[in-house]
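Labels run A, B and C following the written order; every chain starts at residue 1.
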Amino acid sequence: MSAIEETANEAPAVEAVPKRAMTLGTGASLVMLALLIIGPMFVKNFIVFQLTMLLIYALAVLALNILTGGSGQFSLGQSAFYAVGAYTSAILMEHMGVNYALTLPVAGLICFGFGFLFGQPALRLSGIYLALATFALAVAMPQLLKLGVFEHWTGGVQGLVVTKPDAPFGLPISQDRWLYYFTLAVAIGIYIASVNLLKSRSGRAFMAIRDNEIAASAMGVDVALYKTLAFGVSAGITGVAGGLGAIAVQFVAPDGYTITLAISLFLGMVVGGVGWLPGSIVGSAFIIFVPNIAEGISKGLSGAVFGVLLFLVIFLVPHGARQVAIVAQHMLGKFRKG
Amino acid sequence: MELFINQVLAGVATGAIYACMALAVVMIYQAIDHLNFAQGEMAMFSTFVAWQLMQWGVPYWWAFLLTLAFSFAGGIAIERALFKPLAKAPVLTNVAGFIALFAIVNSVAGLTWDFTIKQFPTPFGSSPFLGSQLISTHQAGMIGVTVGLLILLYLFFQFTRIGLAMRAAASLPESARLVGINTSWMIALGWGMASAIGAIAGILIAPVVFLEPNMMGGVLIYGFAAAVLGGLTSPLGAVVGGFLVGVFENLAGTYIPGVGNELKLPIALALIITVLVLKPAGLFGRPIVKRV
Amino acid sequence: MTAMLNIKDLRAYYGQVQALHGLEFGLKEGSLTTLLGANGAGKTTTLRAICNMVRSTGSIEFDGASLTGRSTENIVRLGIAHVPQGRGTFTTMTVEENLQLGAITRKDRAGVTSDIERMYDHFPVLKERHTQQAGTLSGGEQQMLAVARALMLRPRLMLLDEPSFGLAPLIVRDLFKILGKINREDKVTILVVEQNAQLALELADRAYVIETGRIVMSGSADEIANNEDVRKSYLGY
């Protein structure tokens, strides 16, 4: 992450993914959708819970994709926004009896505001400096959550237990399954909104800033506004994910939102393909399942196995899952012609 | 007032640790234009190697030299095997590589030497330095070695041909190739040197923070912050930055209410960021004009 | 005299785009040749291909030895100096460090020191500024520095990519005079890529014209300068 750029000839820190390539084709999207809807009907409750977490982390990775892949700003601090979203939902539900579904927009809005505010001082920073600043935020968050002055609301070090909601209207499906489909609906909504955002004028502004900030500014793009907007949107989506996470896991505690989460989300973005929104779910799968696989292979060396597997992935597909999709697309094209 | 001076001195003493680490960070940045997040872990691993050699009866200074050689070779080997293949990959993919290396080194160290804290000897003794209660002879030794290393590095980069070639390769790789420099090997050399400097940092730090696989985590962050504060292109800045960070951290802990141990890090980072907002290239960094 | 540099069927690619389509030409030892052409014709690509800075196929021979497959730095070490477009000056280093870098592969320390003095004789303005950061020099001065740096290699062949770019005419005249002197006195073979056809043709003995990745005309500089098509297309009269 070279913060000191010498001339425009140097490769940008964030690869420019063309607008068209940031999403999936219609056919593939429909297949994906079908799998996501039908799949969980046939598996056990625990697997359904894992799939719910898959969607939730995919949302968080998506948010990071918009921020980094879309507007070119680094963030190692997403865990902070996730935590704020989680605690917002938990506090609203447990201290104020608010319905779980309604806590999500609130969490989203609060985190949007938080992200937008954080984006202001972040305007003067880029590259490694921004990474350090967001890192500081991520490290501070668990400590802030443990502070005695907030303990009445946050439950201090022990955190809060969150009640899992039942399916509405007395529908005959388990809590886990209901929560999965609820999460899926929210995720699809956010995904479609994100795709539209990136295709819109704002999205073009983001990408102009990512590719060449000075040129964008010279063309009249309000760089300050769009950069803080990107931070806000990204934080907002992460906050919603956090809220969903709190409900799914059924509790919130400060040590559940450490820098490790922020780093995992970053890795998820890279593995999925930076700037490629559909890759978010691949990245999410990587960060949820691969650590478990690593532990299964060797308990004592689980970290090393994880590292090795990560290296394998980045050696084979340095550009992430997007690379696999492009290759698959080429082969399908040849198959159709030949 | 006396408290203030005491805290400043104490901060300078801990700052020596950060200064040493920051020097290794700047070293790698000079060589490869990237920051290596696994550097702390590599330093930790080297320190364990030194410890192991001493456990086997090797005298301190022999263990030191052997570890240095091992670290230098190891740094080159890691770069050739793991990061040369990623040379054409995007920056963020390389960062993921650093994170993977971190995980591997930390895990292997944990398995080989377990997580119990170990004592690490110091060649400087730990009696009070010149009678002062705040700086021990070891800490004075640390400051001395760090400054000495700084001078050596300065001489290396300014006055040797290889130093010049490395600077050129990091600054403009294509132009460097056009004068016949093998930029690929310059990068490997940079890794080797950074790894060796990291080993020195680890060996100096271990007597103070005690040897265990997670000992470098916080130190690395402060080291980065110090390097950035000083200006990533300036070894002198790194050292000064290290001392400043040590002082910041101590003063924050002493004077800002409610700041316990856990919040010291974010506060220190916040202070550093504030400085950077005012002086984006760092205190000693050379601001580089960006052309569109 | 046999050809020092021999290029046959050179095809070069930027990703999927082909920039050179079977280029062929040769350079005699001791000659001063210019490669002319419009923007995008492939002039820069040709120089980059010689130094293996761009993907290419075909045969490039220097003194009978094949250059294909060698890394850029190894090609340079054979005695080919390349002054790239934009000069490639090490802007954060001093003028003198830039010159030292030009000679970084040489083993004769005494020779390097005396060569630096010779460069200061050729280009007195560099001596004035020799402890200054190279990035603070004017365009013309940086071009002089780039040429001097290339000469520090004691090259047998020097490639220059649009040395006149962005420079005032008087400065270009001076620069070209020095290039001519170097060619005659130091016996350095020179290949200059230029958009400024008139000055380049005055300087060179031979000329090639390149169009969309192929050589379309070749001959002595006088012939080309008097050729009506060339005058209309590149000299504007």
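FYI, contacts are C-beta pairs under 8 Å (C-beta built on N, C-alpha and C of every residue); 3 or more make two chains touch, one makes a residue touch a chain.
Source: prediction; values computed, not measured.
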Of B-C and A-B, pair with higher C-beta contact tally: A-B
Centroid-based (C-alpha) most distant chain relative to chain B: C
Chain A and chain C: spacing of chain centres that average the CA atoms, whole Å: 51
Centre-to-centre distance between chain B and chain A (centres being mean Cα positions), rounded to whole Å: 32
Geometric centre distance via CA averages, chain C-chain B, whole Å: 43
Set of chain A residues in contact with two or more other chains: 6
In chain B, residues with contacts to at least two other chains: 171-172, 233, 288
List of chain B residues in touch with chain C within their complex: 161, 164-165, 167-168, 171-172, 174-183, 233, 286, 288-289
Touch list for chain A against partner chain B, complex: 1-8, 11, 13-15, 68, 121, 124-125, 128-129, 132-133, 135-137, 139-140, 142-144, 146-147, 149, 212, 214-215, 218, 263, 266-267, 269-271, 274, 300-308, 310-311, 314-315, 318-320
In the complex with chain B, residue positions of chain C that touch it: 51, 53, 71-73, 76-77, 81-82, 84, 88-90, 92-93, 97, 100-102, 104-105, 135, 149, 153
Of all residues in chain B, those that touch chain A in their complex: 33-35, 82, 85-86, 88-93, 95-97, 99-104, 106-108, 110-111, 171-172, 221, 224-225, 228, 232-233, 258, 262-263, 265-266, 269-270, 272-273, 276-277, 280-281, 285, 288, 290-292
